[in-house]
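In the two complexes below, chain A is the common chain; its partner is chain B in one and chain C in the other.
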Partner chain A sequence: MSVPVLETRDLAVEFAGPEGPVRVVDKVSFTLDPGEVLGLVGESGSGKSVTLLAVMGLLPPTARIVSGEVRFLGQRIDTADETALQRLRGGDMAMIFQDPMTSLNPVLRIGTQIAEAIALHRPGLGRRAIAARVVELLGMVGVPDPEARSRQFPHEFSGGMRQRAMIAMAIANEPKLLIADEPTTALDVTIQAQVMEVLEEVRARTGSSMVLVTHDLGLVAETAQRIAVMYAGRIAELAPTEAIFERPAHPYTIGLLASLPSLDATGEMLASIPGQPPDMRQRPPGCAFHPRCHLGRDRTRCAGERPVLAALGDGRLAACHYAREAEAGAATAIPSGVGVAG
Partner chain B sequence: MSVQPAPRPRWRPPLGSWSMLFAAVILSLILAVIALVPLLPGYDPYQQDIFNSLLRPGSVVDGRIHWLGTDFLGRDLLSRIALAGRVTLLIGLSAVSLSLVVGVMLGLIAGYFRGPLENVIMGLADLQLSVPRILVVIAVTAVLGPNLVTLTVLLGLTSWVTYGRVARAMTLSLREREFVLSATTQGASSAWNIRRHILPNVLPQMLILGSYELGQIIVIEAALSYLGLGVQPPVPSWGRMISEGQDFLQIEPWLAILPGLAIFMLVAGTQFLSQRFTPEGMQDADLTALRKRR
Partner chain C sequence: MLRYILRRVVQAALTVFGVVTAVFFLVQLSGDPSALLLPPDATPEDADRLRTSLGLDRPLPVQYIQFLGNALTGDFGNSFRQRTPALKLVLERLPATLELAFTAFALGLVLAFLASLVVRLTRSERLRTGLLWMAFSLQAIPTFFFGLLLILVFSVWLGWLPSLGRGTPQHLILPALTLATFELALYLRLLNSAFLQEMGQDYVRTAKAKGGSRVRVLVRHVLPNAMLPIVTIAGINLGVLLGGAIVTETVFSWPGVGRLVVQAVSQRDYPVVIACVFVISLVFVLLNLIVDLLYAVLDPRVRYA
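Up next is the complex of A and B:
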């Protein structure tokens, strides 16, 4: 087994709140192998973004890692100092943001901003070599006429082109780990597929691993080898992509899949998960999902005992006391034709 | 996108607006006086001629024209206004640059790093604002004695607050912008973020403030020189010239009026010119450029 590119073990993050600390990420453990794409799925507030910020050492001052560890290529990075992190960020690990409109500096040329990403990590490189690399990178992500476009400002780029430029910036130093935080959410539906294609292509070419954060299950189905579903700051289920779609073992995952529109089932109401995600300040005891769960709603075990992420075989993990039962009932809960992973 | 027929551009005066044209004319006029008069033959702002004092503008002495007349010691007024302009501009530009650099630096630091440092810097700013600038200058000059360098440094150090406050406020919002976070994920340090990402976004506004402050500084310098605390004789300054001229206001009013006019031209010129950098001014200029391209 090679050393995982990224590994978190029992990672827990707390935010300071007026009524005491609030735990928004709790016991999150996952690994990311070289060249692998891991989808991180969950609704807003499920702790996806905070997990990633913790990985990059970019938690806001009000938040802190209270337990657990993060390893990058085997090295602890949750305890690393700022200088070491600065060397890592943009070098061996890079991030792509949701909104390319706001993540580019409006007063600097596109080329200048990409050049900065290079210059930060290769101080010895000459101006001309950097400029050539910028043009090469823009060409790689499919920006037409890269030489002229590199001299333009962000407002002269369309949304899709801007996100391409962001991707070029992220892969500038051939990182081992790419973190894409909802990379297509801010884009037109027609552009999303193109941008994902470009992202996947350059990722494969540089051989980086990637964590793809999204709430779009269809998007991860196409790109990720494994998917981690997060709920209320914890991983509810983590399994190979096909298994998630074909044999989901956590009622929350089943609910998510059931709520997807399907091509076959026309004219039917879309299923939804009843209730609201819990208030993180008053997390339900036991399983955080049990008040909304069709299996656990009335079971005392679900209300009282917190399920751990347990192996089900074939690399599948689920945090549910009744995972087998959930798995067996999944077929009837999910309309056919949903998420043909492939 | 549908292409709409462009509306016929409204006729605009050269430079985009009347105020810009006015500013450009008076500013280039006074700058021309300051720059070119010392090149004239017979230029000497210090040459006294007591028998030809208080001559009217246009008087001719020994075949030489005193375009603006002479002062109470018979010195050529045009030459003195030109030299005084150089002194004033030197003080003004140096003081503005000094305060801009200090203010922007402190503002960026306070806004980016927050914390106790911010409290100290902003407390200092409040303290500064609570004491009238002219009082501070008078007090310090009284101790150190009036001299050009002291005056410039004092004016510079007492006017950083405007830049500091605006720079801090802008930094507060800029530091939360995603492009700063994005740069951080690329490995940028705080210093790099401030220099490469925040400063370029703050600087245009600082230059607008600077052109406004230049006018303020020139007026204050004139006031101080008028009080005898600024530029010392025989070096002329516009403020001093007004104070010297006021003794003769009844008989030869131009002695005070002409330097006053010079101050007006420089200050009004720079004020109007600063409009060029506001969003509306930019738009005017853009439209002018657009029209030229047709």
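Up next is the complex of A and C:
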């Protein structure tokens, strides 16, 4: 077994709040193998982005890792010093952010911003070589007329083109780990597919492993080999993509799948999960999902005992006391037609 | 771009014309200049003769038309008191004002930028709030009082620096310090909020994700963006300084435009007052134009047509 590109073990992150620290990521453990794409799925506030900002060492000043560890190619990086992290960031470990409208510096040319990513990690490279590489990268991500476009400013780029530029910046040094935090959420639906295609293409070419964060199950279904579903700062279920869609074992995953629009059903109301995600400052005792869960709502075990992520075989993990029962009932809860496309 | 500049120049000319016209009529309200120019025992006939010789006996509209005609050729009339061309008097004072204004402006701005960068790099919350408190306090002290305080300490008690006049670099220190303190306080507060706002922007996170050091992210990415809101305020402010820092120039007997305008008003020396206002407003509108053009250079999103 080769060394995982990325490994987190019992990672916990807390934000400073007016009434004491708030734990927004708790006991998150996962591994990412070389060349693998892991989908990280969950609703807003479930801790997906914070987990990955913690991995990159880019947590905002009010947040900090309180326990657990992060390993990159076997090396601890959560305890690494800032200089070591700077060498990794943008080099072997790159990140693409959600909103390309605000993620580029408005007063610097696109080419300058990509060139910076190259120059920071290849100090010996001359100006001309860098400029040529910038044009090559922009061409690679499908920006037409890359030479002229590299001299333009972000406001002269459309949303899709800006995200392509962000991708070019992230893959500039052929990273071993690519973290894409909702890379298409801010884009038009028609552009989303194009940008995903470009991202997957350049990822495959550089051989990077990728963590793809999204709240769009359809998106990860096409790209990821495994999917981790997060709820209230924890991983609820982690399994190979087919297994997630065909044999989901956590009631939350089942609820998510049931709420996807199906191709066969017409004129029906979309199913939704009753209730709201918990307030992270007052997390319910026991399983965080139990107040909304059709299985656990009335069970004292769910209300009192926090389930741990346990193996179900075939590389499937679920954090549910009644995973077997949930799995058995899943077939009736999810409408047909929902599944892995293609 | 050229058309934009042309349009702005025409606008500037109209503004200056409007200001000068307003001042021409407003000074008339201050009273009869002859009363101040003649000795107390002068007869009414003496006053009439003086008014005739100064051209003040003619109807106001006639005086105005004549004034405009002369002003177009650069002639603002002679000072009632000194019998020399008013515009020349003002232009003679301009270098002193420029020297003081630019020194104070540059000193305040540079110190504010350095202090803000140090705050950002050390991330010291204590230093940041300390500087902000200092800025608030300095802004709250009236200029004349602060100037007098400096004179008391550095001229009277310590005897290190001259308290009034112009000539040597030492003469410049106290008035420049007085003005710069106020500038420093203003820019410290502006930069503090500009930096706080920019530090939270997404592009800063991107720059960090590229592997840039804190210094690099701050200087290369945050600073150019944080500067934008400062440019507008700085332009207006420099205009005010170049118009003559009236209080500071008076406290330190600095022979600048500000002091000249105060003297001219109190002596009802109409031509000098108008010439002063003309020069000040001209400097002001030109500076505003330069600031707007500078904005287009600093922020690529701004384009003028």
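The definition used in the following text is that the second predicted complex is superposed on the first by the 340 of 342 C-alpha atoms of A that agree within 3 Å, B and C clash if a C-alpha of one lies under 4 Å from a C-alpha of the other, contacts with A are read in each partner's own complex, and residues count from 1 in each chain.
By definition in this document, contacts are C-beta pairs under 8 Å (C-beta built on N, C-alpha and C of every residue); 3 or more make two chains touch, one makes a residue touch a chain.
Values in this document were obtained by computation on a predicted structure and should not be read as measured data.
After superposition onto chain A, the modelled positions of chain B and chain C overlap sterically. In the superposed model, A:127 makes contact with neither chain B nor chain C.
By the touch criterion defined above, A:155 reaches chain C but does not reach chain B.
With both structures placed on the common chain, the touch criterion links A:88 to chain B and to chain C. Residue contacts after overlaying the shared chain place A:99 against chain B and chain C alike. After the shared chain A is superposed, the part of chain C among 1-9, 19-27 or 55-63 that runs into chain B is 1-9, by C-alpha clashes.
In the three-chain superposition model, chain A touches both chain B and chain C at residues 56, 58, 86-91, 94-95, 97, 99, 102-108, 116-117, 120-121, 166, 169. Per the touch definition, chain A reaches chain C in the complex via residues 56, 58, 61, 82, 86-91, 94-95, 97, 99, 102-108, 116-117, 120-121, 153, 155, 166, 169. The residues of chain B lying in touch with chain A in their complex are 177-179, 181-189, 192, 196-197, 200-201. Chain C contributes residues 123, 201-203, 205-214, 216, 220-221, 224-225, 228, 298-301 to its touches with chain A in the complex. Residues of chain A touching chain B in their complex: 56, 58, 86-91, 94-95, 97, 99, 102-108, 116-117, 120-121, 166, 169-170.
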